[in-house]
């Protein structure tokens, strides 16, 4: 039965907003290398990182009707996450729907299908991550679901989870983990800053992380090229 | 028999030129969602929309000889449309052929294969839509056809049809439909302007298009998350 | 046995540096249309062409440990070339490793896998050519090889070979051919300049290269569209 | 935190077993065209349909350690469902693990990654649906999860759901819907039998389903080819 | 305007039937290496070659309504050729439609989209060439065209053209060329028989076709491995 | 300069022949998980494993001339390994060339491009591993190299190396490692036999390999589903 779940619990605003600052790679590492969407989910234009709470939409192939239904469920700070139940490269979303969502305070769209009007969306500053850019229009004939768990970019997204997206891709943080992940990301960023300084000073990762003994133990050997016979 | 068709009938200039203004998504919708090339056909650099009349070229895999033959058939306002008879990612086209075509007034290239010298082509302002960017050179050994119907980007293109291309992709308008499609596109654009204003004012598509009764009739139900047992 | 080859012979600096000026397409043609990596190897941001001597790395899927080992083998003017032994889209490389390599004078990275932190790498001006952009982190558990011949982008790369990379892709020049290829590229560039001028003046390739007799001999025919019956 | 969920609730045996009889297409239609995995999930050999209850496994790229952990959670009638957290074509599974699972009464494997030893698995009669056939071995270094919800073949799979798989692909039936879906599938199969007989007798779908008025209303026109001018 | 063209001219029966005997590779060579569909068009089961006259169908993504419309236009000896106007992997066709078409004497289906019920279709002996196997069902909401030129497998197909399909793929022979192509195919097959005998007797292609002088002229050199310094 | 290297050193017959018995997965593991070609290299029909010494061929896209040149360099026990210098799906190889090679005692073909006449090749028992099945013919215009190192299926192949291929794919064993790899494969097979027996007797890998302490140390936790709150 096609279902819209209303009044979903969302991750807290403050921790959600903080995650955009760390970016996708750091957040993904901070939660143990989980939650990253597949590499096919790419931004339609390069811009700053965003974060927001997920409103999830399951749509039929080539049919964008449920995006209108989902729009009503969105509130400021949300990110719309849309996935077709069978692969479709059609352009489910363009500048009109972008206007509708932006007016409601939605921060962006993540869609495992196609998007169009990419120039207008860039001018409006409404960011989209999609698997394809396609102008192919969709129909409004068949229902789907809003705010049930979906698979998008090969990852399970629950409504109210946090989406972080930047030019590296898209990562999903489960609703109840957001504060913990934000802390871990902050710690990681600080640690990386120290590493960056030592690398800039000319130190090698081999020495900084004391890798040489473990490499030797695993059997790595060094051979001078002039000692190699033939090839 | 390898054939060059000369003196092809072309769509009228005025309607052809008008189509660039509406862009690919609008033109494709205006002709009933037909004629859009596959999403793999992407611009090598982002730039303004173009429109022009098609000179079609069927080429062997890895052989660009026929592009020279086709160049002679081009006149100002044309767009060259090239498709190999077997998949090839080779770079059939670079800045030299771009210079040759630009000098003849050709507005751009659409090729279901590879293109190279993308920096130079961007500097020259000669736009290309292709399935691949590849520097791999081609030979000049085998013939093909010019100005016969071809399949490019999964769409049939007849010589003299109109090509509209922008950062969303490429759409083909049959020669005899151009005026009618231009009118429909203008009407659609006007209608979209009204929609945009209402969306900006905060109206929902659900209300503007009176979708609620039809959604209910199809069986859509709304459930408060707190009423869902477990997940 | 996992092996690091040290003190590799490298192509000469002067010829190596010269190759960047000609760009990938010209260099590839100048060496007889060989050595071009597959079209999937694309720059993570558009920038100027680079050239440099290859330090090669063979890595396990999802494991970037050997990049640290390879960094020590790099010297100013090198380009790091990395290939997994089984397809992996993981993000082996980000801004920290970019800092480490840039500090050592490495000019760029070519990797037949994923890369992340693309914004930071662009800000740093450290160019990367990769098959995917992915934030997915890697582990440091399993060894590979440094400076043995590898297959990257479907091409054999030997340590010390020259890598030339620009917005069209990546080409490999065998170490001992570099001077000869640089000469051929210079000659080709000069010849192309002449062609460009004649094209700009309105000459056709058909005439400039005297193609008409050979086209006729191969059986090309010209038919006026008005003489075609039906279609 | 890497987690194994034990003592999962499973769909009932009888309804689960019944679903194999109807096959993937019918089951998928019977639950409203939902739950079908992406077309990339293909059988490694053609055989009969299976159904069983899902034990879900989330694995790192190129690391099959958790399959050993999951095996202990399997009981007769289960199907193992495995998905990497980042795309990997490695061969996570071969005839040894097949022997281990078959001994425990597991009916098959669905894996959104690679599989190997396909000849031996066919001889043993242990069916596998995978995205790739690859002999590339995996390591045992990094943890994942067992019996948490996963995304496999672009579909959310919860532990205890029913998997139905045949030569057309794989479909997932949520645990609590199984009896209802089995009834709907039986009804559909019966209806299809009636349709098959009428088609065999020469009736058209146009007439059997009274499609002609609706086609006309939507604007379909019929034109005799001899009345078409030109093309 | 969605259109069905009736009473199409078809290629002659006798020449059409003859083409199946030669197979796809020979027919494709016999007409000058044109007309071959893309390699993605593969048989759903291995069986004998077929040939027949094309009834063409243009369908919306995920909508198979027009196949019912097209069925009425089919007569014994036809092959149905279906292409969506935007990429779709849905399963447009299964055993019920197979029964309907087989009853009307249709020899097979070529579809640039998905197909399902592959086991039943194999049992019935109704061959299909498709780009995907997918159980995903389709709707019946939107019109398309029957018997207008379409692009299928990257090739233009006109109604009444001849389709030849076997385990190597699918080739299209324009209606008016069929007799000529059949003759050329017969000649080619005879010539190949002679070549096969000479190869079996141990002759090399190098000698049989007197290739050595032309190879030398193009600059091929032979070097004994022991004379190569290093590798 | 296009070059044919003659009188190449080949791996020894006995060890080469032995490798087919172990199959691709075992050989690949036995040499430390290296040398496996990409998963796109698939058999055109299922048959027994083969092994043989590589004669390598580098070919232009869409041009199979060099296969004739390479045939002369083949001797009984060889496997021909062919790779285009730019991606091509054309059908470089069919039953005629299969006859030529089979007559010379060649055991099979590995080609990172297309193959055709698959039915005839199956009837002849001449096995082929390829990236595509395509009837598209090739020309004979441009030279390449025979018996230089090539990249095929993303792996470096040197002439005289051993190729092992079965229904799981293709693996390359460097010429000088063959005896050592054969020994390691034999040892591995024996060890696997012991594992298989213990699995058949119901033992778990967890216990057999004493994995539990290391899993616990890495932080794996077990939770009863009834103790999980909500999802």
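First chain written, first letter: the chains are A, B, C, D, E and F, and each begins at residue 1.
The criterion applied here is as follows: a contact is a pair of C-beta atoms (placed from the backbone, for glycine too) under 8 Å apart; a residue touches a chain by one contact, two chains touch by 3 or more.
All of these numbers come straight from a predicted model, not from anything done at the bench.
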Distance-maximising chain from subunit C - centres being C-alpha averages: D
Residue-number overlap at the subunit A/subunit B interface, same or different (half cut): different
Averaged-CA centre spacing for the pair subunit F and subunit B, given as whole angstrom: 41
Distance from the mean Cα position of subunit D to that of subunit A, given in whole angstrom: 27
In subunit A, residues with contacts to at least two other chains: 33, 36, 38-39, 60, 85-87, 89, 134, 136, 142, 149, 158, 231
Touching residues on subunit E, where the partner in the complex is subunit F: 23-25, 28-29, 33, 36, 38-39, 42, 46, 166-169, 171, 192, 195-196, 199-202, 204-206, 209, 211, 215, 218-226, 228, 231
For the subunit D and subunit A complex, residues of the former touching the latter: 2, 33-36, 38-39, 58, 60, 83, 85-87, 112, 149-151, 154-156
Touching residues on subunit D, where the partner in the complex is subunit C: 60-63, 85-90, 134, 136, 139, 141-142, 230-231
In the complex with subunit C, residue positions of subunit B that touch it: 1-9, 65, 68-69, 71-72, 89, 91, 94-97, 99-100, 103-104, 114, 116-119, 132-137, 140, 142-143, 147, 149, 159
